[in-house]
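Labels for the chains are A, B, C, D, E and F, by order of writing; each one numbers its residues from 1.
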Amino acid sequence: MKVLLSVGGWMGRLEQFAEFRRRMNERIMGFGNLDTRRFWALDSSVYRAGALDERVKELLGLATSLVLRCDDCVTYHIIRCVQLGLTDEEILEALNVALVVGGSITIPHLRRAVEAIDECRNLTAEELNRLLA
Amino acid sequence: MKVLLSVGGWMGRLEQFAEFRRRMNERIMGFGNLDTRRFWALDSSVYRAGALDERVKELLGLATSLVLRCDDCVTYHIIRCVQLGLTDEEILEALNVALVVGGSITIPHLRRAVEAIDECRNLTAEELNRLLA
Amino acid sequence: MKVLLSVGGWMGRLEQFAEFRRRMNERIMGFGNLDTRRFWALDSSVYRAGALDERVKELLGLATSLVLRCDDCVTYHIIRCVQLGLTDEEILEALNVALVVGGSITIPHLRRAVEAIDECRNLTAEELNRLLA
Amino acid sequence: MKVLLSVGGWMGRLEQFAEFRRRMNERIMGFGNLDTRRFWALDSSVYRAGALDERVKELLGLATSLVLRCDDCVTYHIIRCVQLGLTDEEILEALNVALVVGGSITIPHLRRAVEAIDECRNLTAEELNRLLA
Amino acid sequence: MKVLLSVGGWMGRLEQFAEFRRRMNERIMGFGNLDTRRFWALDSSVYRAGALDERVKELLGLATSLVLRCDDCVTYHIIRCVQLGLTDEEILEALNVALVVGGSITIPHLRRAVEAIDECRNLTAEELNRLLA
Amino acid sequence: MKVLLSVGGWMGRLEQFAEFRRRMNERIMGFGNLDTRRFWALDSSVYRAGALDERVKELLGLATSLVLRCDDCVTYHIIRCVQLGLTDEEILEALNVALVVGGSITIPHLRRAVEAIDECRNLTAEELNRLLA
């Protein structure tokens, strides 16, 4: 689904999410204080490769986001999972764990997750990277 | 509220929900595996008449959806409740239980629930059925 | 399971819940202000028979409590459901809706719910009434 | 972001929230029963000045809304906080507590909260008052 | 309520909470890595006096903990609120906001919160400090 | 911590969890109907090796359980993670993702998770297996 933005032109759901995320993250770096910035740093740090590789950590981010039912968080981790080369079947199995843990209340979010996967598969690697640039 | 869709034309909130649900359920049946399909089957099965009738079960689906604050789930169960002939007063009392259990944080969702009831009351039985076809 | 209380003697889980609820409700009526008392009144009022009967309303209370995973709330509504003459099968079907809506994360609470049902079935009507007196 | 409304013209996010809230609150006063109205009254009452002043109470409303991740509730309390003269730094510190308590899952809601603050700062006192009139 | 601990002797609920918190915080500092320690540091930092004073911040911690229904978190912030000299009426008003925002599902936690307040009022300042030492 | 059980003798937290889980799962198989049993089957099925191996799936179960703050679920997945040979550092990194996603409200559950890891490390492989037998 696309909505007509006041800035003109059409923007897909992924692009809308990415544009809002980029713009507000920048704004929050100006608005926030040291504690805010420390949280942001920590939120990057825990997904870096360590004893677990990045792909497992993104799947953890995805599954926790689905059970907590946050569409933007799910969209972000879907983009990352596709960037890191996870297959549809691998992502699906993580979503299935989250579906069973979190119940049918996650289904509307699962629908949007699968739509996001499909949209990511239509993008080039470069376009994907630009989303989270 | 209506938003202008890129496919052209206006679509109300109920129709948007119904179109997205239908399209993505179909996509998920293709994307998902056996576990996904089993969950979908179970999600139908628990609402079938048994010791409790369908109307009580849809009210249970509605009240649990409201306390968990899922607009799409609330919309779905509102449509079902209206289809099954529940009155405004019956639906309202279930919503009131959910409001007291779940607190004021449910109020924005309650607003959308009441809007959905009003929209359903403006549809014919046939139009209602088509929403969930 | 029973735990040894410092006041002496053994107390089952239902009795512990009931004793704590009674004691603290009384304390809160002293501690709280007008808003607190109004909430308590409302929390009784929404479960009274109206367009929906008391049994449906208690099932709504039970199912919403299970998806929100509050053991004390589940215990309370189980006692009420048994008092009102709901059968095991009726209660089970409400629990199944909640299980599917809320997912496997509700299972530990479902275990305690079934234990509470079994404990209630071992009590006389008078003993049940005394729990919530 | 603005979306094109079917009633014509552009409406910002704050105005959309305010219009929907006003219209549906009015509708709910007609649709609801005595219990519904009592809840609405209580929802006003607990934010009135008492032992704690209104500003602290609105910050409590804001922080609880953020950890429960309700955008409409966050928007409402942001408008109230700005009306009551709270500074950006004061609002930010309440948001930081909520961010740490509620985790990164609150970040998308925090982005929308900061956007709402910025939008409120662009309104006159009269325009702000009109939003919640 | 007291439970008989295997280490011998009776321990009240506050002391149990405090002993477990102290022991496991120490263990987690050994078990955790840099990210864990950074989160712990941030969890202290956001409650320090800044634009908002410590008392308001502890009330924010208390109210968010109650709506998220975490007994240990509620107990911690109750102890802090009493240490900082907040009155019963001030704490109660914060709890009432949380009760209305979070609904009746918070009531069992509110009962334990009021019990914790009563227990804190029976302790000397020194005993209170020792709980969180 | 150990509590004195009425059946006599001391039982550690892991054993208590395991005993209650075993007893009530058995009871629920008798109490439940076909839908209940289907959910139980699905709850096993999604953790079986597929495109993702069992260890990743248990970490997904663990992280989702921590953000949803279910101690019994966390305990179960900790036992499984240790059985499957995951290291402390691997488990910790999954817990850290959940801590950042879910916020400080997960900390009391994280404390109990680390305690459960320590208890599992003190058991032989045979003792671990017996817990979930």
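We adopt the following convention: contacts are C-beta pairs under 8 Å (C-beta built on N, C-alpha and C of every residue); 3 or more make two chains touch, one makes a residue touch a chain.
Since this is a predicted model, take the numbers as computed values, not measurements.
*Asks:* Kindly list the shared contact partners of subunit A and subunit F, in label order.
*Replies:* B, C, D, E
*Asks:* For the sequence-identical pair subunit C and subunit F, what is the superposition rotation angle on Cα atoms, to the nearest 5 degrees?
*Replies:* Rotating subunit C by 120 degrees superposes it on subunit F.
*Asks:* Does D-E or C-D have more contacting C-beta pairs?
*Replies:* By number of C-beta pairs in contact, D-E is the larger.
*Asks:* Roughly how many whole angstrom separate the Cα centroids of subunit A and subunit D?
*Replies:* 26
*Asks:* Can you check how far apart subunit B and subunit E are, centre to centre, with Cα atoms defining each centre and the answer in Å?
*Replies:* 39
*Asks:* Which residues does subunit C have that touch at least 2 chains other than itself?
*Replies:* 3-4, 33, 35, 39, 42-43, 46, 50, 64-65, 67-68, 73, 89, 92-93, 96, 99-102, 104-105
*Asks:* Specify the contact topology among the chains shown, as one of line, ring, star, complete or other.
*Replies:* complete
*Asks:* Enumerate the contact residues on subunit E facing subunit B in the complex.
*Replies:* 67, 99-106
*Asks:* Show which residues of subunit C lie in contact with subunit B when the two form their complex.
*Replies:* On the subunit C side, the touching residues are 42-43, 46-47, 50-52, 56-57, 59-61, 63-65, 67-68, 73, 87, 89-90, 92-94, 96-102.
*Asks:* Could you pull out which subunit D residues touch subunit C in their complex?
*Replies:* 33-35, 38-39, 41-42, 45-46, 50
*Asks:* Under the touch definition given earlier, write down the residues of subunit B that touch subunit D in their complex.
*Replies:* Listed in rising order, the residues are 1-4, 10, 69, 88-89, 92-93, 96, 99-100, 104-105, 107-108, 110-112, 114-115, 117-118.
*Asks:* For the complex, give me every residue of subunit E touching subunit F.
*Replies:* Listed in rising order, the residues of subunit E that touch subunit F are 3-6, 16, 20-21, 24-25, 27-28, 31-33, 35-36, 39, 43, 64-65, 68, 70-73.
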